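This report refers to the structure that appears directly beneath it.
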């Protein structure tokens, strides 16, 4: 029985696979290979996209997008029981004008995650039908989850600027 | 002032308005209003002045007689006053409609026809006027052309069946007694056999049952009321449908006489019992159907049927209390159903034609008078104490309980609770709740509409607090029919098993109302807020979406929906279709070739010869 | 119609009604194994509500609540409270129609407040009223046909002579049926559908502020009083207790003691009703209608059939 | 407890009635909401003091703000506060409403609630236990006695400033001002 790792290595090139952990397989890849890798894994039985998240490596000037897929119906999986429970795919995109393709054709439920990435990090997903704001009510010049967004001075500039009632009354007199 | 002049004015007036319409609109409106008010004055001058006059001698050797007694006066004054109010109302309502001359002509013609029915002393004038009324109503129901034509045809088919039954009844009476004068007939009929009396009653009951929309024969009413122009549906629901009740009174007590009616029927099944049970069913089922209607006028139409059941129930028991209840309820029902139709018409006029209960709301801020009419109308329909509806329902319930018919009383009371639910839905969806933005600046109700609404609202309260006024007249009717009179004072009925005195209820409500209102004024004043300053769990109110009217009683609707198909309507439709199918097939005989016709004759002759040879019949 | 009763009976009804509300909160608390508010807590609530400055949505909003409270007060005048009755005109039928004024008034002002929570609450209230009216009408008709009168005072006097109605075998079935629908009439827990606090923000009274809330509490207290008093009057024979008081008939003591006995009976009925209230979850409106139209209606119908056959 | 001192009742029934019948409106603003259910059920039973939760602000006179206030929730808090009838009191839980507390530097948490609606009292504790809530209520009684719990009076008098603060935070509010606001004296620093 060929293990998933060898199969991946044979089918794709330029993958760095780390399977030291018991039930998780980490794959680092270029951004072009992500879509084909995801559809390959979906066909292989990992049909549930559990999470899409992003970390901001500001000193490298890169966003790292992380896709976690796992297998709900592990029974009919091609590679048998002993395979890994979930697979984490990591890829790095440049930070300046952050753009990436949407994975909604493969995984329909990626829609809110990508909207959140767009709102919080400012990543633009081409092909996403509704990139409207998900949670935030106000608009921020720099998306708030970016490292260069200085929350303390933002708080001082907005809430700090609003005077207390007594100050307003003295200001009035 | 004799009866002929009264009828002459009524009929002549109709034609006068039609031709004056050709000259100028204003003249026609003025003529219509003046004439209807004139007839009101003339009729009111006949108050307990019994008159009788022979209209025309030589009609097939029968005399057309007119007579005015208390019963005739009671119905006549109601007919003419409602007609006057509706004519004034339609001045404003029909302002931007076309063919107004035709409308006013028909309206006044119906008024004249109803007057003749009520004044007719013999069955022939009764029948002639009945036909005029039916035809004129058919023409006015189908005034709005497309949808209304269907309703009109349904109405005219059913009322023609009724008229034919009446004609059969009249002919059978003529052949056996060769007089058609009602007063003479009542004397002679006591000698007739019970079977013949039962036959007469059933025939006439079909006619008047159709007109008064008793349960199995009610299918024409909802469409007729909904499709006809609103002022006319007010007249239609007010007194026209109650000609059926007048008919029942004339037949049951005028001609056949009460003593024999009560004895008709064997053992458990008797004529009056079946009539009572039909009345009870007519109260309950239409009221619950009314609860789930979405069109304001259709809801009121179904209530028209429901309330008709009370009148039949009251009359069917043949005690003086029941009679008083039934007749008084005819007047009360006419008052508040006309008021409700006028109030719906006002809404229709202001929102330019919207009557759908799901899309209206909050109009009470913009149309206070129409709302007042609607509110008092529905409290009359429910029978809230201090309104006229309550007194007549109280009389009917008392008869039912004292006559030991608890299940009928249960059906009637259940009908009342059905009325409360459906009528509150009417008021809530039409007037209360959030006013949508597009209705913020609707047209004000014109004065010509407000006057009838205010008069009728005042009438509801007046007859509610002082029921003695109409009850005195009804007492004289009871005496005329041979019942013992009720001892009636201005405020209510004094009788051994529980009196009704509206005075102390009125004073109690006023006194305690003043106290409560005083406390309300003394405590801290409340600040007026807009409809958008409302509790919405902390959110701002969305403009047109914060309003609950669609499917107002949804849980009940889900429970009752399977039982709600109008089986009688479907039955009649099937009969109509079967009739069409039959006629189509028969038509196929006429192929148009002469050869076929010769063939038919030869076959027929052969058939006759065969019969003659076999049985030598001729 | 004696003048004394005109003043005394609304006062008695108001005070005892408020005490009943306090008592029901205390009993439910005790069943939940906690202390619960003092019994006179509703008086404090009413005083607090009167001292608050509320909002109004127009004159019709105020008219509704005033009509409701006035209607319920006049309703109380009809109830013979232990031999003390103010009005008897129109009898039980007038009583039935006046019973409608309370919820009708609140429905009017609730809808005038233009809040969908109150509209939903009102539609539920009327559906619940339709649900429990069916058995209630059957019961009242059974009693009326049995005593062959429509006046409440006569029913109470006849019971004084022939003993409590519930003890006479003919009327015990309607008595049981009435008892089954008592929580629905009082709006206690299994049937607290109208003012469901969690679902529709306390239903029709969602927009009732300071004095409107106070008026509603008074009206609710009177309605509770009327619901129980009707049961006591019709089935437990009003103020008499097995002829206990015949000995000192005619003295002023009789009236006072009769009123006292009447209130005692009402407390007894309230107790039993409340035990049901504290432990039941809230019905959905469909479940309530199905229940009320199944068992209580069946029992009441059987009762009416029996009574009808005998007469 | 001075509940049954008849003299106090006779002197000022309105104030006493307010003290012993708090109809509370609270909704899940922050993490403190989990402290409310135990306080009204069997073990701690707030109903002893006449405290009952009510559904709508219209019937309430005490407003509990349980925990940190996010920018979105503040709109609902202002709206609910404005819909409560006049003698109304506000009590906030924990330090987050005072100065933002643990979330002092979060981009969507209000640092001091007092700038937007008047608060009559704060109960310390990173979510106070029910006993602490009841002690807070007894302090509120004392404040009412001394006429110090005048948050609603301050809101009515300085409504111009409160409204200005709210509009400065939100730009344009969704509902008209509660009390008439004269444009000329609206001073924004």
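In order of appearance the chains are A, B, C and D, and numbering begins at 1 in each one.
In this section, a residue touches a chain if its C-beta (ideal position, glycine included) is under 8 Å from a C-beta of that chain, and two chains touch if they have at least 3 such contacts.
Since we're looking at a predicted model, the values are computed, not measured.
> Which chain is in the middle, if each chain's centre is the mean of its C-alpha atoms?
Central chain is C.
> So using the touch definition from the top, which pair is joined by more C-beta contacts, A-D or B-C?
B-C
> Using the average of all C-alpha atoms in each chain as its centre, how far is it in Å between chain A and chain D?
Comparing mean C-alpha positions, chain D is 40 Å from chain A.
> Between chain A and chain B, what distance separates the C-alpha centroids? Give it in angstrom.
Each chain's C-alpha centroid was found; their separation is 73 Å.
> For chain C and chain D, what's the span in angstrom between their mean Cα positions?
A distance of 37 Å separates the two centres.
> Can you pull out the residues of chain B that are in contact with at least two other chains?
Where chain B meets two or more other chains at a single residue, that happens at 524, 533, 535, 537.
> What are the residues of chain C that contact at least two other chains?
Counting only residues that touch two or more other chains, chain C contributes 50-55, 117, 201, 206-207, 209-210.
> What positions in chain D touch 2 or more of the other chains?
56, 58, 83, 86
> If you go through all the chains, which pairs of them touch?
A-D, B-C, B-D, C-D
> Can you list the chain C residues touching chain B in their complex?
Against chain B, chain C makes touches at 1, 6, 10, 50-58, 60, 62, 66-67, 69-71, 73-74, 77, 86-91, 93-94, 96-98, 100-101, 104, 107-108, 111-117, 119-120, 122-124, 126-127, 129-130, 133-134, 137-138, 141-142, 144-145, 148-151, 154, 201, 206-207, 209-212, 214-215, 284-286, 289-290, 304, 307-308, 311.
> Under the definition above, what is the set of chain D residues touching chain A in their complex?
71-72, 100, 104-108, 110-112, 114-115, 118, 154, 158, 161-162, 164-165, 168-169, 185, 187, 189
> In the complex of these two chains, what residues of chain C are touching chain D?
It comes out as residues 25, 29, 32-38, 41, 44-45, 47-55, 117, 197-198, 201-202, 205-210, 213.
> Within the complex, which stretch of chain B touches chain D?
Counting only chain B, the residues touching chain D are 524, 530, 532-533, 535, 537-540.
> Spell out the part of chain A that touches chain D in their complex, as residue ranges.
136-138, 140, 144, 149, 151-152, 154-155, 158-165, 167-169, 171-172
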